[in-house]
Amino acid sequence: MADVAVATHAPAEHAGDDGHGHGASTGISNTKLAMWLFLGSECLLFGGLISTYLLYKNRIAEGSIGPKDVFDIPFTSASSFVLLMSSLTMVLALSAIQRGDERANRVWLLTTAVLGSIFIGGQIYEFTGFYREGLGYTTNIFGSAFYTLTGFHGVHVSIGIIMLMSLFVRSYRGHLHQAQAETVEIIGLYWHFVDVVWIVIFTIVYLIP
Amino acid sequence: MAIIEQPLAIGTGRAPEVRSPLGVFARPTAKGGWRSWVTTVDHKKIGIMYGAAGLVFFLVGGIEALLIRIQLARPDGSLLSAETYNQIYTMHGVTMIFLVAMPLGAAFSNYFIPLQVGARDVAFPRLNAFSFWCFLVGGLFLSSSWIFGGGADGGWFAYAPNTGVAYSPGHGMDFYALGLQITGIASLVGAINLITTVLNMRTKGMSLMRMPVLTWMLLVTQFLLLFAIPVITVALFLLTFDRRFGANFFRVEAGADPLLWQHLFWIFGHPEVYVLVLPAFGIVSEIIPTFSRKPIFGYSFMVGSGIAIGFMGWGVWAHHMFVSGIGPLSVTAFSLSTMFIAVPTGVKILNWLATMWGGRLRFEVPMLYAIAVPAMFTIGGLSGVTHSVSPADTQQTDTYYIVAHFHYVVFGGIIMAFYGGFYFWWPKIFGYKLDSKLGKVNFWLQLIGMNMTFGPMHILGLQGMSRRIDHYSPGFGFEFWNLIVSIGAFIIALSVASFLVNVVLSTVRYKRGLIPPAGPDPWDARSLEWMTASPVPEHNFDEEIEVRGLDEFWHRKYGYDKDHKVVRIATGEEVAHKGDNKNVHLPSPSYWPLVVALGLPLIGYGLIFNLLLTIPGAILLLGGVYGWVMEPPDDPNKAHGHDDHDDPSPGLALASVGAEEVGNG
Amino acid sequence: MKRISSPHTGSIGAFRRGPRRALALVGTLGVSAFVTSCASGAELDTMKPKGPTADDLHNLIVPVFIVAGVVLALVIGGTILMIRKFGVKEYTEVDFPEQIHGNTRLEIGWTIVPAMILAVVAVFTVSVLQTQNKYHKDQALSVVVVGQQWWWEYRYYDGGFDPAKNYDLGIDVRLNEIQNHKGKTEKHPVIVTATQLVVPVGTEIDLYITSRDVNHSHWIPALNGKRDAIPGRIQPWKIEADDPGVYFGQCTEFCGLSHSRMRMQVVAMTDADFQTWWAQQKAPATATTPEGQAWLDQQKAITAGTFNSKVDPSKVLAAPTASAADRGMAIFRGQCTRCHLATGINEDIYTGEAQQVSKAAPNLTHFSSRTTYAGGIFNLYNPDGTVNRPQLEAWLRNPPKEKPAYAVGERGMPNLQLSEPQINDLVEYLLSTGTKPAAEIITKTEVE
Amino acid sequence: MSTVSETHDVSPAASGDAHAGAHDHPSDLKYVKIAIILAVLTAAEVSTYTFDITGGLLVAILIPMMIVKFAIVAGYFMHLKFDSKMFTTMFVAGLTFAVSVYCVLLTIFEFW
Amino acid sequence: MLTTSFKLYFGMAVGALVAAVTFGYTTGGNNTGPLSLGWKGAVGNQTGYLILIGVAMTCGFLGLLFVSFRDADPTAAAAALGVDQPPAQLPTQPSYWPLIAMFGVAALALGLVLSSAIFLVGVGLLTVVAIEWAMQAWADRATGDPQTNRELRDRVMHPIEVPVVAALAIAAVPLGASRVLLSSSRIGAVWVASVIAAVVLGVAVLVALKPRISKNIVATIVLFGGLAFIAAGVTAAVIGERDFEHHGGTEHPAEGK
């Protein structure tokens, strides 16, 4: 494994000022590498939940409530769009802070959080609707698997929203500057991952019956 | 008891000079005493704590093993009721694997990875501390099941539906599921930390192929953990939701398939055993060259085979399910893949032997262990290969033949390697050698005891003795060998006792000045951790080491003359750093990792007993994380450099944000 | 390569003093190990195959053991060789061995050679795997094996059972609607027995193994490997015995409290004996005296509604009192029907929903035709052919004391608080339910 | 580790624009265009719902689209395309293990 | 070392405790019930026992409180610190917590009469007030420097405040949105979600592209948006959910239906 050559940004003496690790042998940032490693492991988490769902979704009794009874594809498509757009706003937030524009950064961070919250609102709506239609968590095996999978995703989104809002609050108080752009980047990575997982869930769970 | 502890100056808007007015909320600065241990972020202290905890749990698991053996020494044993026996053997397995083998591996990882790559600490020191505390509270939580209604009793791999709430109505399995979730977080976080450390914090000139074999093995281990822990996380969540919230994941009446649990568990479970054994392989790869006065034979093959094992380990899990009914096609596939995993492992064994070939072998205590490990592990490995012959496994599985296999690889491969590591690195960690006569007693008792305990288990298994039976009836032919096995177990117990005696005696003697300090390099070793004072000073190395090749330390001591014979250039003492550089800035201690970790078992107890308990747990967790993130990077008075972003928080990385707050130098 | 000193002292010195001695010691141990393992009393021994499949397995694994043994000998021998040849007491300043870093060809060699060895093993493995998983088309003799906490049930069908074509609601754990019964015909067992799987010798018996509650594993070491009993799944397996006899088994998947007490036996008989057994088992049980039979018939008529007890109360027969067995039968009908079925005695009031978590208790129609009971841990008959009454009485008196079961939920047989006269009668009744097995089966059931 | 010197300062030039020069950032407009592409792809995926496609054909259409969307978000929004290969390696490793292991799992369960 | 009021309240606490235990045994307690708060045995008359224990705990708490704050007595504080003069302190800073506390008490009272939801709101408000007011009070007296006090208070409270405030601030959005969606028709919900998202996005683009819009205007927009979510949510909640067709499975009718 060859060491990756990356342009250094500052004189060797302080090759760590811009958030990169000390004497980083690969020249990449510690925290960013850590986040990517974490996202790699999250693939296995969601993979397991998705596999469980796929295995169980059709193992319900003849008359029991199933996917085709409850899914509302038009609505889920709309909320997928919302989440997708939130990824765009996230990356706009990052690019803003990277060029030092703290105001735009705040605008886009807040927008991302709000769009994500709309997505969560949509999930709450969907789940409540399914529940009223008779699909509870313990109703059957499809219910358990479905709610667990989408619930885990929703919790991930919610945690992301809280982190985004925390960033927003810090920025509002004047503590989030261009030098801390990497922090925004890392939370952005998490957010995009959550979106990417939704891309997979939406296709496999909703669109492919 | 007053909250106001000191007179405070009336200032003019700047943070006061004195540290303590911020009271308990400043970065702790304790240098010694229990506080320095509780707030430490030093990888060495954390490594020592992992080791100590692992050893204590080893005694716990060992006592559980001895109870098993007393029960099984005679037919129709009546020491333990069936209910108690099931709890004892389950907790023995769980304790030994999760609370002994993994933390002991973590102990070596934590202590030696930074040293062997020439770094000052790991990439995320507070995260490192959090890993340890998380593991400790998880282990205590799991063990607390004994007082809260009985230990887990479903076997260490907890097959559903037996572990569902219908068939295991007590709390034991809840403690199992939640406790392992907590320790799983510790391992995952530690893996991220150590991978980043190895990749990013190697010293100058240390390319990946110049790292010691131990570091390589530990790196592969961390990757295995990184990817395997999420899978058991899923499995444990599904089990917890079934048990606590009435989900249907393992309710066959609702259409569930019990094999789902088996698959999810073993997808984690098989990489897990390689997680356990690779550190041991690494340790042996360090000891044998040192005491053979030769470099490791075939470094690239050693590294490559470790990586190969890491990869191939993912494709063999269903060899634990040969009789579960996965279908002949799957059985064939997994049978073949399992057989071939013997190939890279064999390379390692043979390379170790080849390292010894032509060397000058000195039989110090670590070397005794390091020599025993290939032999004992091979016994276990070969019985493993016999398991991979799946038709034969239909006779062997769930008998003591399997117990024999894995105890040979685990005890002979892992525990003995760890003991070798203890003896080898004790002088480096604590400054003095453990007594070698007692060490030899320890070794021989252990070797004889182990073979006496686990050898006959092969016979018992082939004679048909099933696993997990709380008693066996007379007349089946199990009496004789069970008695031998039980006697052997007590011989191992004696060996463990001798180790403890050795530790105590040697420490006492050292404190009284009866044994000399070991110096930086008592064994004439090869890798970087020996290149600094013993015990290792807090800052590790006095100055950055520039590495020009594998076994850098060795090459600074020895060179070649014109006849290509080895000649000494310098002594170990001369090359090793003195450890007296006081100007190296160190990551500051912190108590937030402990605070965050404490939230987890509260949530656990809450989920089991009363949901209201989860609220303080969640507050500790949430508040702890934010407190961690917003913690000032350092003592506000001490001048510091650009170390603010050394200690980012778990995932939030706002430390640099927090750093701006309090007076930056 | 000079040895600096040749110490024959110290712990490692033992190996040098007498490598022959060490080898001799090890060899003796190994031989004695094998010898002792051949001792009698090895009913569950996997190395004594008594059926063709077990034979195949044995023939596969012995060479593998030998190969493994050779490899082990090489490794241990190599280790001892290293110790002997290259050990030194002390290092001198200048004594360094040649600093060999590796030998790529050698390493490739010992990568390839084990791979080849394993490839050969693999070929044999796959071939035996095929045979182990091949089943006869002839389903005439297929038995459904059902495991539950903590005993085994065996169900025989006329014409055999094929999960691809038949279903049996009595073994369905999953919601009946989930199970895909489309295109399958329902089948009822003609013989339901427990703990002892009776088979004719020399015939391959197809087993379909499932469970009613948790995972179990069905294993008769002398005849074949084991196969897990997983609820919701019906797994095919097979068994064949070469000679008549009793072959012991043990549940080998942890299934809860009394996993150690979940045993079974395969009783292999000649064809003729098997036919006799079949006929005996198929026949429903009857009362021992005409008085009892009349009472029984009337009870059944009451259940069926063909006899109305209110019309003429004087015609209602009293429960039999003369014969102890019949008294026991009446008690049985009253107390045991909520769990046990005995065809001919209480099939009219038995609902098929035993009040057990697993919904089943052993079928007692011909209880005394079996030599072991309660999960195969108790022998019904002494070696000399007499009945082991005390044990049976103890069982009825307080089953949880004899065999641990959970206090929570109906698992295992509960303590029914029977009085001594009741127990006595029940024992008589149980002993009258079936034909006593052949003497040699009784003796072979003894474990010793 | 080198001993710490006191004379450091975080020069603004060391990050920000100099960053932009060393790394290749897409511009904001480019990001918006990428988002539009993603939206179009999603619309295409959703449109399959209106047509009556089932089974293998549906899978053959949707899965590649899903993979493309995944790659676009990972490559551009998550910046993998422009960053050190190490990140891609780590993430792809996890992804590969996940996909392989779970596909094998589903195969054993005869899911397909 | 121990202040006067501590001694008083501690004494009262001990007295109440003894009374409680005696009361417990004399009214029919057994085993160690009265001693173990009813864990291992009965406590006799539960009401009386509860009252006495409650008194004991309250007095104990007050005692601890007073000893921590040295009875708010300067001489005692100085004695504890071992100095002649107690440290200077600024007068107490203005605070709006008492006002919020008033709302909390009102909600509590109203809730007892009207609905449990309002009661819970009151409880929540009072909990928040208790914590925040107490922290402010402590911080006010920590040093004589308001800036330091503020930093101290922030250091302690931010780990909880930041995530909680962030969560609460944004909570209006999912809750409001989901209520509105639940009242809409099936197709209406799709439109509602899309429109809300489009509006949010549109506003964001506008604000981002026009850096000259002042901070106050932006803050007003945000606040207005938040209020809109809350208002819409409350309205929709009052209107109620649309009818969901039950498809079999478990019965989960909407509340109030």
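Worth a mention:
The chains carry the letters A, B, C, D and E, assigned in the order they are written, with residues numbered from 1 in each.
In the analysis below, contacts are C-beta pairs under 8 Å (C-beta built on N, C-alpha and C of every residue); 3 or more make two chains touch, one makes a residue touch a chain.
In UniProt terms, the chains line up like this: A, D, E = Unannotated protein; B, C = cytochrome-c oxidase.
Owing to the predicted nature of the structure, the values given are computational and were not obtained by experimental measurement.
Using the contact threshold fixed earlier, the set of chains in contact with both subunit D (Unannotated protein) and subunit E (Unannotated protein) is A, B.
Geometrically, the chain at the heart of the complex, using CA-atom means, is B. Put simply, the chain farthest from subunit C (cytochrome-c oxidase) by mean CA position is E. Counting C-beta pairs in contact, the chain pair with the highest total is B-C. Rounded to whole angstrom, the centroid-to-centroid distance between subunit B (cytochrome-c oxidase) and subunit C (cytochrome-c oxidase), based on C-alpha atoms, equals 39 Å.
Mean C-alpha positions place subunit C (cytochrome-c oxidase) and subunit E (Unannotated protein) at a centre distance of 62 Å. Separation between the centroids of subunit A (Unannotated protein) and subunit C (cytochrome-c oxidase), computed from CA atoms only, is 51 Å. Rounded to whole angstrom units, the spacing between the C-alpha centres of subunit A (Unannotated protein) and subunit E (Unannotated protein) is 30. In subunit D (Unannotated protein), the positions touching at least two other chains are 1-2, 5, 8, 10, 86, 93-94, 97-98, 101, 105, 109.
Residue positions of subunit C (cytochrome-c oxidase) touching 2 or more other chains, listed in rising order: 175, 178.
Shared interface positions of subunit E (Unannotated protein), defined as residues touching 2 or more other chains, are 162-163.
By the touch criterion stated above, subunit D (Unannotated protein) contacts subunit A (Unannotated protein) in their complex at residues 1-2, 5, 8, 10-12, 14-20, 22, 25, 27-28, 31-32, 34-35, 38-39, 42, 45-46, 48-49, 54, 58-59, 62-63, 65-66, 69-70, 73-74, 76-79, 83-87, 90-91, 93-95, 97-99, 101-102, 105-106, 109, 111.
Residues 4, 6-7, 9-10, 13-14, 17-19, 22-23, 26-28, 32-33, 36-37, 39-44, 46-48, 50-51, 54-55, 73-74, 77, 80-81, 84-85, 87-88, 90-92, 95, 98-100, 178-179, 181, 185, 188-189, 192-193, 195-196, 199-200, 202-204, 207-209 of subunit A (Unannotated protein) are the ones touching subunit D (Unannotated protein) in the complex. By the touch criterion stated above, subunit B (cytochrome-c oxidase) contacts subunit A (Unannotated protein) in their complex at residues 119-120, 123-124, 188, 191-193, 195-196, 199-204, 206-208, 226-231, 233-235, 237-238, 241, 245-249, 251, 254-257, 260, 264, 544, 626, 642-643, 645-646, 648, 651-654, 656-658, 660-661. Only residues 1-6, 8, 10, 86, 93-94, 97-98, 100-101, 104-105, 107-110 of subunit D (Unannotated protein) touch subunit B (cytochrome-c oxidase) when the two sit together in their complex.
Residue ranges on subunit E (Unannotated protein) touching subunit A (Unannotated protein), taken from their complex, read 162-163, 165-167, 169-170, 173-178, 181-182, 186-187, 189-190, 193-194, 196-197, 200-201, 204, 207-208, 211, 218, 222, 225, 241, 244-254.
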